[in-house]
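Look at the two complexes coming up: chain A is in both, with chain B in one and chain C in the other.
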Partner chain A sequence: MKRIFLIIIILIALIPFALSAITVEEIINRMDAAETFSTSFSRGEILSTDRFGQKTSTFNAWARGADESLIEFTSVAERGQKVLRTKGEIYLFYPDAQELIRLQGAALRQSLLGSDISYEDMTGEKNTLAQYTATIEGQESIGGRFCHIITMVAKSRTVAYPVQKIWVDMETFMVWKAQYSTQNGRLLKEMEVLGTMEVDGRILPSRTAVSDKLKKDSKTIMVLTEMQIDPPLDPSIFSLQNLTW
Partner chain B sequence: MKFIVELALKNLARYKRRTIITAIAIAVGLMMYIIVDSMLIGAEYESMRNLRWYETSSARILDSGYWENRMQLPLDKNIAQPYRIIEELRDEGFVGTPRTTFSADMILSSEDFGEEGNLPVLITAIDPRTDNDVFRFEDTLIEGRFLRPGEDAVVLGSWFAEDLGAKVGYWVTLVTRGNGGFYEAMDLQVVGIVNCPNPNVNRTLVMMPIDTAGDYLAMDGAATEINILLPDSKDANGYLVEIQSIIDQSDDNLAVYSWEALAKDYLAIAEAKRGGTGVILFLVFIIAAVGISNTMLMAIYERIRELGMMRALGMTDSAIHMAFIIEAGGIGLIGSIFGVIFGAFGNFFLVNYGINFGMIMRDMDMGYRIQSVLKGAWNPSAIIIAFLAGFILSMLVAWIPTRRALKMDIPACLRHQ
Partner chain C sequence: MRNRANWYKSSIVLCVVLCASLATIPGSTNLSVELSLLQLIATPDPAILGMDWRYVSAADITVALKSPNTGNVRGEVAFQLTHPAIPPGTLQVDALVQRAYLQLRFPTFRLTLGKTRLDWGEGSVFNAGNVLEETSGGGTALTLEGPTSRNQWLSAVNIPLGPFSFLEAVVLPPISLKLEETSIGARYYASLGDMKLEIGYSLRFELADPADAASGRHLHHPYINLQGSYGLDWQLTSSLELPTAEATAQVLRDSWTTSLGLFQLIPIGYRGMLSLKLEALIAPFLSWSEQTTPTPQYALMLYPEISYSIEGGPQFTARSIISPVDACAVLMGGVQWNILQGLTLQAYLTANLGDEDDTFASGGSRALLFGVHWVY
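Up next, the complex of A and B:
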């Protein structure tokens, strides 16, 4: 009886290792897949904190595939401002000025509404393996969830963060935590999932914190209050005509 | 005619006090005109010189793609082998130095600065060995030392350092994007503070060694610009054509831009200012002219009885008219001579020593690239104009009241109070 009990304990202890038998490429691919939907609609808010205080912006967002998305801000200060992302390009629309601005090159590095998220962070397809070489560093529990710790080193200089360390859920392949560093290992930003929600059987982040590690008291929290996966969307939502209408 | 001239000169000598006072009024007006003109021209001249010495250099070689996107300071539109081009330019007698300009976020730590903070800055990466061949920062160092190649160090403008509370020995962190777009952070020590005479530079200047910046930004020996020193010459375009033909042999994408093209915005503002300068000079001229007119009118009106006496004794109106105008011209001539002498004396001080406006310039941006001492400039045409204006205007303003007095009958002239 004692022997059976010991075997059961050993088997339970080996579960994480059995799960980690998966290759790093598979983990990354499943992580990318978990973040990509054919279509989605979300509603939420961005809470930006810096040394001058806190600011809240609310938004509605529509997305199709990995390349197209539209964010419309609904908070009083930014009401009607829209950010349209198509493949490789970002357009901003300011209703007060009736002005459409195309962002490209260095302008993509500007901060979105003064937060720690840049326009560039919103761009790009979810093909992490094309940009990074990944290695598994180990496993760790984050908020009671077993995660793979993966270090990713950029393959080229065109990637914003030369080194990324991510904590990927072993079961859902959601990223619970990420650290973004320079080539020399200087920590720049940290992302942490503070809460999740289940939508159509998928576990998704509902509350995510991004902090700039070089600036004191600089933090952005993105909260999703509503999320729909694969809703029917009119393709014209992602057109320039719709942006200025 | 000889009699009329002699009479006018005798009158000048006879009424010494009036002649001296009137001449002084004219002289002061003309002196003001000469000095204001000198200050305005000096401000513009020195401003443009400081622009070339500390901002734009005489000419700059850039990748044509960089020029089109220069507001975004793209590091990938660069000059791959700047030193080879500088060498080729040197063979033809031109002096050049490479620079890389990029934007960054400067992070200040509480350890040195007392509180945490960050601000956007523009970094100028220079080659400490050759930069002073083209720019003039070597004479502006007021604290610490200048940069050395390969070190993790920065030199700050004194006003910028003052605004930050930075001192030599403090550390700052720069977060920027390297060539390609990757994030990079660098810790740099403040090793020197320069007091640059160009206020726009002194307010924002952050310089670091170009090889250090190149390592962090993965520039692989490239620079975003080559700055060139050209001799002061009217044939600047000829030099530019020559430089363009030299660089065309190395790289088709490179183009040379004159400092006028680089400082187009400043020159547009300067052009607008020139209109304002003309108005200021016109107002100064009007003040001087009103002073001269007023003094001459007083001088004529107080002598109407004398004029009546001369007519009663049989002197013709035209002779009296001529005598008064010659007398006014004499006063104008004396005033103009002294005005030019005083103006030249004041201008000598202005040109050689200048006036220190540092306290005013520190907190306001007048658009001029002058930080403290405003020096004047010699402008012979303004001096000649002032001299002739003082002389001719005096005769002109004497014409009208004399003619009016001559229309009065003799008894009315003699009774005039």
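Up next, the complex of A and C:
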């Protein structure tokens, strides 16, 4: 009887360990899942600050799955400019010139409206394990939230950042902080979530700061003012017809 | 003097009309203003008698009224005022109305009516697929924005065939108002594996001699364009220009024109980006040796461009149009910087290199231009 009681106690004591024995692949997959929706619509603004002052660009964005997204800028200087991302290519549309441009390869690394965010950052495909090898480095609390610290090393040279260190929320799998580095460990960019919002039971970043560590006094803050998850979207949104409309 | 007075009067009338219309614009209408202010200092040009060093303070003002981005009807009206006007002291309505178009979206097609631009073919300077207008690119002035095609009065229908393919047909009304001088065109745009394919045709009315209104004729312009990326981005466009009557084999051969473009972006360090572009216009059956005729047509023209930009910083650009057959070129080098919200500083130098009878005669003036471009 004593032995059975002891086994039960041991089993109960092991439950938290069993629950926390989540693999890095599971964490990454759940992180990707937390960032991917069957469809979404968001409205927001990009605030870029450098030593000359601040620039503000506003946008509307639609997404379907991990591969398709459309961003339309609504601020005066860029009004009507659109970026359509499909698997492997990006189309840009400039309404004043009625010009349709197809981007591939290195062109995706261009800065979006002079901010610290590239086209790749803005519309990146979310299959992280296909692009990176991940290892858990430990745990740390960020803003009162317990996070896994994960280091990811790129499998090929086709990604924007060779090394990423990310802090993933243990409960919501949201990324609270990320450091993007070169192969030899030089820090390029840092991302930090400054605020969150709850949409349909999911915790999502509402205010995110991206700072370019190679530029002095440079910071970009992306603010989401509206976010809808799984709204009904017409598939034709992600087409040339809609891009040039 | 009288012309200048007329220009000012016309400008005042335009301002009153604009103010009156702006006052009645609903809050949902998108209003934007583009203001370019350029200072130009140019050396004497022997081609202009009595012209010494010049200093011009030029202004380009565009006021655009865009409909809200909702619903199935969209449109825009944009007015443009240029100072000094060309010819001096004039104000032409066609130049004033830069864009004035309406787009209607129906379940299976889209209509565009008014003055706008259709972007056919590929190529910023040399585009054999730009069959809707007369452009050679060879005589184009170089600026930091680069050459662009004109807006035209047109009616177009666009029929989607899939997410990344469509058919487009266009009618360009004649300037003379004569029905028989109407121009038409159509193109098919689609993905072909990893490439883009565009096939098009236009039947365009144009004057063989711009000074002779009776020299008008229709020309057939078929073209094909491919664009893709294998290590570097490339595009290739080939077209023909055939008269509707007396199209001989030699005319067919001489009209064959191909434009080719290569483009590559090379990251330099982490923040820098080097952009390399080369465009060529090849008409293999035109002249490969220097001609002494007033308007020689050569078999090869080149447009190299190199640009270095620093993320969030200035962009340095050097570009040139080169006529290798008669060994001459027009050169442009400059810098631009989007330093504040909507505001870009720019400065550039232009100069010609070549003999007096070349396509780009070195006797032409050299100019320094600097100024600002602001959108708000």
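Note that the second predicted complex is superposed on the first by the 222 of 245 C-alpha atoms of A that agree within 3 Å, B and C clash if a C-alpha of one lies under 4 Å from a C-alpha of the other, contacts with A are read in each partner's own complex, and residues count from 1 in each chain.
Just so it is clear, a contact is a pair of C-beta atoms (placed from the backbone, for glycine too) under 8 Å apart; a residue touches a chain by one contact, two chains touch by 3 or more.
What you are looking at is a predicted structure, and each value in this text was computed from that prediction instead of being measured.
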{"item": "Side-by-side fit of chain B and chain C on chain A, or clash", "value": "clash"}
{"item": "First, second, both or neither for A:V76, with chain B first and chain C second", "value": "second"}
{"item": "Which superposed partner A:A154 touches (first chain B, second chain C, both, neither)", "value": "first"}
{"item": "Chain B versus chain C as contact partner of A:A21, first or second or both or neither", "value": "neither"}
{"item": "Contacts of A:L188 with chain B and chain C, given as first, second, both or neither", "value": "both"}
{"item": "Larger contact residue set on chain A - chain B or chain C", "value": "C"}
{"item": "First, second, both or neither for A:L214, with chain B first and chain C second", "value": "both"}
{"item": "Residue range of chain B overlapping chain C upon superposition on chain A, of 3-11, 93-101 or 273-281", "value": "273-281"}
{"item": "Common interface residues of chain A - those touching chain B in one complex and chain C in the other", "value": "105-107, 109, 182, 188, 214-215"}
{"item": "Chain A to chain B touching residues, read off their complex", "value": "51, 105-107, 109, 120, 154, 156-162, 180, 182-184, 186, 188, 214-217"}
{"item": "Chain A contact footprint on chain B (complex, rising order)", "value": "69, 72-74, 107, 110, 116-118, 173, 175, 177-185, 218"}
{"item": "Chain A residues within the chain C interface of the complex", "value": "48, 50, 52-56, 72, 74, 76-77, 79-80, 86, 96-100, 102, 104-107, 109-111, 114-116, 182, 188, 212, 214-215, 218, 235-236, 238-241, 245"}
{"item": "Residue ranges of chain C touching chain A (in the complex, touch as defined)", "value": "30, 32, 64, 66, 69, 74, 99, 103, 105, 110, 116-119, 148, 158, 160, 162-166, 189, 196, 227, 229, 232-233, 264-267, 270-271, 273, 311-312, 338-342, 375-376"}
